[in-house]
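First subunit A sits with subunit B, and in the next complex the same chain sits with subunit C.
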Partner chain A sequence: MTVMLNGKEVQIPDHIGSVQDLLTYYELHNRIVVVEVNAEIVLKEHYTSLGLSQGDRIEMIHFVGGG
Partner chain B sequence: MLKIGEQVFQSRLLLGTGKYPSFEIQKEAVDVSGAEILTFAVRRMNIFEESQPNFLEQLDLTKYKLLPNTAGAKTAEEAVRIARLAKASGLCDMIKVEVIGCQKSLLPDPVETLKASEMLLEERFIVLPYTSDDVVLARRLEDLGVHAIMPGASPIGSGRGIINPLNLQLIIEQSRVPVIVDAGIGSPKDAAHAMELGADGVLLNTAVSGAKDPVKMASAMKLAIEAGRLGFEAGRISEKNYGVASSPLTGMVTS
Partner chain C sequence: MNGRYSRQELFPPIGKAGQEKIQNSKVAIIGAGALGSASAEMLARAGVGHITIVDRDYVEWSNLQRQQLYTERDAEEQIPKAEAAKNRLKQINSGITIASKVMDIHGMNIEAVIKGHTVIVDASDNFETRLIVNDAAVKQGIPYIYGACVGSYGLTYPVIPGQTPCLQCLIDHLPAQGMTCDTAGVISPAVQTTAAYQVTSTLKVITGNSLEAVIQSFDMWNGQHTSIHARRLLNKNCPACGKDPSFPYLNYENLTKTAVLCGRDTVQIRPASHRDLSLEEVSLHLKEAAEKIKVTPYLVSFIYENHRIVLFKDGRALIHGTNDVSTAKGIYNRIVG
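Up next, the complex of A and B:
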């Protein structure tokens, strides 16, 4: 399946069905991260239940140094 | 003691976390600064590159309050989107509203800042807008119900200190919410100046992270802010045009 991840078109394996799967795939499941799918923030409790579809626009956001 | 919303802080120094020479120096600078509130920016993760260490993930989050900023936003809507993302982390409810209106001077856009603050207050954020040092704008923000006013001393990262002390003083005099001087602080003198004018706190980043010795500068800023605050509370003498002797004028030894 092809999705837009952080502005980049990426091909992800078919077994990735949820936000949780995607975080695990990129080894981000233990990181401080906020996920947006199609401009909607996904709450942590929905990580396993929210399915991903072809063409989804996904953003993975975190905190970096700033003033 | 600095009170923002219902939160009470002992330190009046709010420290930015950008542009330190190394993680080790940053950790030590944060530690010696005594700051309890640290600012962060909200950005996309570098998923496609090798994972870089993340400063926030190495912090003891029970010791610090996070103040994410909306840096990068040019409109109120963009600022609100960034604020929502920050809050969704579950780590913070405060937000520094930062909407830049001029990419060269990095001065804030007052109209978008006001709009963003109003929208975020409706969503029950603790709202700390970074604003220009305009007195009426500060009042308008306070009328909306923001939890602190953060006027800039001078442009972000310029290190020019307080360009308009009169405006700052007028903002401080009229405000019933904390006034935190944000941006433009270059040296401990500037931080002390802000506090002597009666500011409730100072937010700075580059003045520490860009110093030759950031750890020593963090310590200097802590002391300057404490000294400036004490000086303000003590009440300084008035300025005069001519000398007034401190020694007695009677009983002179000379003939």
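Up next, the complex of A and C:
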């Protein structure tokens, strides 16, 4: 399906059904991440339950330690 | 006046009144690596009246690609970054006060370091130090501007005690070992952009302009920019900014006596209590066992059992060539006892 990820239209594989799947796909599942779907932050406990749909606007920011 | 700050005073959100606030402000910069160098230079030029810069490390050749305050000579002479930064900043602006602190930040010393400052700029290279600073900043009610970068990516976020969720609300646990280390390299545009955001936030705080709880990230190489409003992450039970705070990182001294430095194949060892070593004596003592002994006013460096070692006056040592804490501890005990 197609979603807007960080402002860009991207095609993601159909097996990605949840926020958790998306994080795994981008290898961010072990990172500290803040995810927003359609202008609302998704709390961690909802990562597996919140389904993604065609056209969703997703913002994803991961924290890094470098400086 | 010589008009030194005229362009800043002409900028309406700052003005003459704002410039006066800038000159009366005290900013602490935690870390004098890439982000610290960039922020410190901007803030010194902007006329921040007092800058405290803290760092535990010394200048190396691999720093020069992006750590703008340092020269080849600083690397050759292994000058502690906080000192080298101070020397350069004084050349840039002789009308302000620069305090340099060559030290390792931990839960027991951070509160004294930041006390009395207007803003704290994050320029650390690890999550643990950041959470220590976050606890102290929230406890003392000092705005703390998080910033970090790796590769061509960077992000910033302002912790304004009492107004925005703190860093602990956003990062509710330390990442697993190995995930904290950014070994992917970094390009200076990512550093400069991150620092530019942080300094903008710092100037806003000082001049009384408001800041929102927004996490901003960007990827310079891919031309991406993202921002997320963090309000919803405010945790009422946060151990730092919640209603009954315990400030866990201000009690964590023991946790960080040894630290594996990110991507550096280096272990840092800090003695349990503060020491004041005579570097001359140490070097005499090492004469038989070590090679290439070099003593500077701040540190002694040498090769011992095939490891390059740097020992600071306060008893802290950097053992290069290993990521193994027990190997490093063994070496340390043989050197300093």
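Operating definition for what follows: the second predicted complex is superposed on the first by the 61 of 67 C-alpha atoms of A that agree within 3 Å, B and C clash if a C-alpha of one lies under 4 Å from a C-alpha of the other, contacts with A are read in each partner's own complex, and residues count from 1 in each chain.
Rule of thumb we're sticking to: a residue touches a chain if its C-beta (ideal position, glycine included) is under 8 Å from a C-beta of that chain, and two chains touch if they have at least 3 such contacts.
Since we're looking at a predicted model, the values are computed, not measured.
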*asked:* Going by the contact rule set out at the top, does A:E40 touch subunit B (first), subunit C (second), both, or neither?
replied: second
*First (subunit B), second (subunit C), both or neither touched by A:E27*: first
*Considering only touches as defined above, state whether A:V64 meets subunit B (first), subunit C (second), both or neither.*
both
_Going by the contact rule set out at the top, does A:P13 touch subunit B (first), subunit C (second), both, or neither?_
neither
*Overlap the subunit B and subunit C contact sets on subunit A and report the shared residues.*
6-8, 31-32, 34, 36, 41, 43, 59-67
*In their complex, what parts of subunit A are in touch with subunit C?*
6-8, 30-32, 34, 36, 40-41, 43, 59-67
*Please name which positions on subunit B make contact with subunit A in the complex.*
16-20, 26, 39-45, 47-48, 51, 54-57, 66, 68-69, 71, 84-86, 88-91, 156-157, 183, 203-206
*Considering the complex alone, what residue numbers of subunit C touch subunit A?*
31, 33-36, 122-127, 130, 147-150, 153-155, 170-171, 173, 175-176, 179-182, 186, 215, 217, 224-230, 232-233, 262
_subunit B contact footprint on subunit A (complex, rising order)_ = 5-8, 26-28, 31-34, 36, 41, 43-44, 59-67
